[in-house]
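Each of the next two complexes has chain A plus one other chain: chain B in the first, chain C in the second.
== the complex of A and B ==
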């Protein structure tokens, strides 16, 4: 709130000579932002409009971006289509939700837990461990597919949700991000909690985590995105375990006959991460890290 | 086992720092276990593969025969395109990373201001990341193909007509003005990649936004009271405070860039199209090590100049 007032003051209540320049600058910057933004929003506009188009408009030539007679035909098409398959559509949604929520919650928790001592404690082997994390991030999944598959089947978690969820907990990026943010917390904050007799666990959950809320909400956003995009690939063989993305691939592979249904699923798949993003972003507010401190 | 027993007996004699380091290990444990299991093991196996020839007999399973550094030597001195592709990937990375960092910091500063619909605008800049998943790309490609039936003929007509800007003329012009070729090449490469750079900076923007949100408001208040201008406030308050996250973003950008790079594609192709698993492992190890070296140098360099709040 303090910052909000400040921003207002900074831009609108300066001396009159400076006000003009600042306003013109702002106008220019926002103009630039709008141009960049328009390019990015175009695919989404297309997805939304395609989902609402009746079949004849989908194939219309010359193609129109905006829908003329919006219907929900494609969605009902989708459910009719999915009724015929032997795995109901809701099952795909459930699978995706289990994988995504399991992967996201677990990762945020495990990565934050590990990041706290890396940022705020001293112990032997800390630097080596941290270098290993950076190295592991470089190892792309496409290249290490074979060893990964062998490890997963060696653990006998092949063809279960765990094959996708467990490796996701250890992504290096989350640990790195959380560590960077926790390093910025003032030591005196934890010191005072320790003096008051708080255990490390309560320091972590009651002091550290609330103070790095922007960080873990950000981490949740992109972990959610990563898990949501998972097609299950080679690890899930049973049809009733496969996620939504896989269903979309199958429907799209059906070609022009399923164009409507495909447009509808694309919309559903794109809409949920966007909603999640909006919810998380509107919860990122300034934390009061130093408001309790007196030098 | 013995060690822990010993420790529990002598608990009252443990120093505070020892105690803390044990809690530290406890906190790291869940992560470390999985890390050893999934990542260190896979790294080790890749190393093993790169030093041997992998044969898959018709019946299934596989056998390894140790061949030493043959795969590495082959990749560097005999393979047709590996060195060249590696160099291109590293060069592209050098071009992209600083631009992505500057662009995303700039965008984050704009998106951090209070205005109506701020969250929505932030979402728009995150869209490329969301829409980048494989299945959505496929679906978009299909709907594009459906529209393109007639469109391709139109675009074919369009490309035959000359473009209005003569790029070559401008490049000549700047060359005559004695601009160094390297700088010119950099600018041309940067301009031609603008759209890629914008699409690749979604995550970086939200990391910077989180960083900006973590700056205590009282600092700005002090700056305001002391009469600092907006310019001074940025360089004296905002920039030092987001500095650690510039490192985070450099790391993320390099990793993200590397995973999509041509070297990785080449290694993938070598493994799954040509079935040369050993060679592919050697390639990916070499490129990983080189990228890591670059990363450590860059991070070390920035870290020297980084200010930590404590």
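== the complex of A and C ==
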């Protein structure tokens, strides 16, 4: 019933459940949004325009934001350079796929699994564990890099995908985000399933996760962005293991001669997470509207 | 007899061993996360704190120096004091404003549905998702008359010669604050967008019946209390971001910046950690920053608990 209601909603119409809305208020807020929005979207506009600029426009001084004679030259330049890399370019793409998908899916799953007991069960050590996670986010990441490297070497996962993927599974933010959302679920929801004899795992997968869909979709966006931007740094030495991001940076390191290809690279680097972002965001639907959710 | 057995059972239920056993499922569920967390977060943090009591140049083994790094940091390091002052200023100004902006825009965007909402979210999240945010500001702030800001101000006769914005001491900090605000719709913003989606719609109807008259009252009395967990999350993220500002300063003002006008605790830390290879000293800076954030967090959480009451 509620599902059907959700589907019926038009995309532009204001929510029927929104009450107390004045015209003046609408005008004020949307006016504010348009002004700020124009300013915020600037980097996006620049990326697209730069990628379409021919070389002479890229070097134009003073620089212009908008392109005059759009062309796909930069992309064809980039494809030529791609054929020229040390290992086949598809290898970099494969590496990135493994690291990004492994890091994102694994993190969402591992962090959510840990967040559920922290939000909804009562057991010794609960507060301490949670507090440790939150506090850990406040310790500067820069100085823990060296000890981290030592530990990764000690575990013998240096120079493997695991050196990037496993640490990504335990980022504190993900657990914190999931725990905060799960906390809001009414206990009665889980209680009735428990009375029906459901195990904690089936409660987790069949009740908890579907009800916090906005949370894990948001977490997936953050994590995807994080993993996608990873260049492998000091953890991956073999060229065959390096991600796309690294290969693309090598291409753009060529300086002025590669300005065109570099603009195309910037576009591609941004386009993938943006696509992922849009897919996730448009899937964030109202979850708590189902009648079964009321306490 | 029965009461004795019941008492016995009650006592047994209180013992730690029994409670650990009872909650086995919980521990098993958390195990993958916390095992990794121990290796990749707890251990490195503990090692770093340990290193803060040593001299460590990353080539030779660390040597224990006691409190020396901390004493030097607080009593002798003038630049650290500048960096600390700047960081506090950043945190006090950008922290609350960013937080408020995240909430405001998330709330406005929530009035739209489906694809349009996703698109609007993208526009406002754009500075956080595209990698070239500094590029935009570099063009705006270029220090000759072709810079967008200089061009505009010259045309309007507000200034009569081009200013070298990022190399002039008094402009650096205010400009960095503006750029940081522009960048502020990040993690907290998306968490709020998601949080608003989970507020029970029936609460709004009930509130309307109870006499909530306009959207502002609705926001304060219904929406905000219903998304308190997200507000707490947003606050922690805001603190970790505001106190750790470094990238924008390094990219726009350089490190070191002119007369350290753009120095923050983290740029100072990076200076020692990755340029001067004094890992022990850098770790001491990180530890002080950590304590600062923990303190601020305590204070902010206390305030947030009162929302909507």
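Assume the second predicted complex is superposed on the first by the 266 of 295 C-alpha atoms of A that agree within 3 Å, B and C clash if a C-alpha of one lies under 4 Å from a C-alpha of the other, contacts with A are read in each partner's own complex, and residues count from 1 in each chain.
Throughout what follows, a contact is a pair of C-beta atoms (placed from the backbone, for glycine too) under 8 Å apart; a residue touches a chain by one contact, two chains touch by 3 or more.
Bear in mind the structure is a predicted one, so any value in this text is a computation, not a measurement.
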{"item": "Clash-or-fit label for the pair chain B, chain C on chain A", "value": "clash"}
{"item": "Touching partner for A:137 - first (chain B), second (chain C), both, neither", "value": "both"}
{"item": "Touching partner for A:228 - first (chain B), second (chain C), both, neither", "value": "first"}
{"item": "Partner chain in contact with A:59 - chain B first, chain C second, else both or neither", "value": "first"}
{"item": "Contacts of A:259 with chain B and chain C, given as first, second, both or neither", "value": "first"}
{"item": "Touched partner set for A:72, first chain B, second chain C, both or neither", "value": "neither"}
{"item": "First, second, both or neither for A:249, with chain B first and chain C second", "value": "first"}
{"item": "Doubly contacted residues of chain A, that is, touched by chain B and again by chain C", "value": "9-11, 22, 29-30, 33, 36-37, 39-41, 43-44, 46-47, 61-63, 110-111, 113-114, 116-118, 121-124, 129, 132-140, 142-144, 146-148, 150-151, 155, 166-167, 169-170, 172-173, 175-177, 180-181, 183-184, 200, 204, 212, 214-215, 217-218, 221-222, 225, 229, 266, 269-270, 273-274, 277-278, 281-282, 284-289"}
{"item": "Chain A residues within the chain B interface of the complex", "value": "2-4, 6-11, 22, 29-30, 33, 36-37, 39-41, 43-44, 46-47, 50, 58-59, 61-63, 110-111, 113-114, 116-118, 121-124, 129, 131-140, 142-148, 150-151, 155, 166-167, 169-170, 172-173, 175-177, 180-181, 183-184, 186-187, 200, 204, 212, 214-215, 217-218, 221-222, 225, 228-229, 231, 245-246, 248-249, 252, 255-256, 259, 262-263, 265-266, 269-270, 273-274, 277-278, 281-282, 284-291"}
{"item": "Sites on chain C touched by chain A in the complex", "value": "16, 19-20, 22-23, 25-27, 29-30, 32-34, 36-37, 39-45, 47-48, 51, 58, 105, 108-109, 111-127, 129-133, 135-136, 139, 146, 151, 182, 185, 187, 190-191, 193-195, 197-202, 204-205, 208, 212-215, 217-218, 226-227, 229-230, 232-233, 236-237, 239-240, 243-244, 266, 269-270, 273-274, 279, 282-283, 285-286, 289-290, 293-294, 297"}
{"item": "Complex contacts: residues of chain A adjacent to chain C", "value": "9-15, 17-22, 25, 29-30, 32-33, 36-37, 39-44, 46-47, 61-63, 110-111, 113-114, 116-118, 121-124, 129, 132-140, 142-144, 146-148, 150-151, 155, 166-167, 169-170, 172-173, 175-177, 180-181, 183-184, 199-201, 204, 212, 214-215, 217-218, 221-222, 225, 229, 266, 269-270, 273-274, 277-278, 281-282, 284-289, 293-294"}
{"item": "Chain B residues within the chain A interface of the complex", "value": "17, 20-21, 23-25, 27-28, 30-32, 34-35, 37-43, 45-46, 49, 107, 110-111, 113-114, 119-136, 138-140, 142-143, 146-147, 149-151, 195, 198-199, 203, 206-207, 209-211, 213-218, 220-221, 224, 230, 241, 244-245, 247-248, 251-252, 255, 258-259, 264, 267-268, 271, 277, 280-281, 284, 288, 291-292, 295-296, 308-310"}
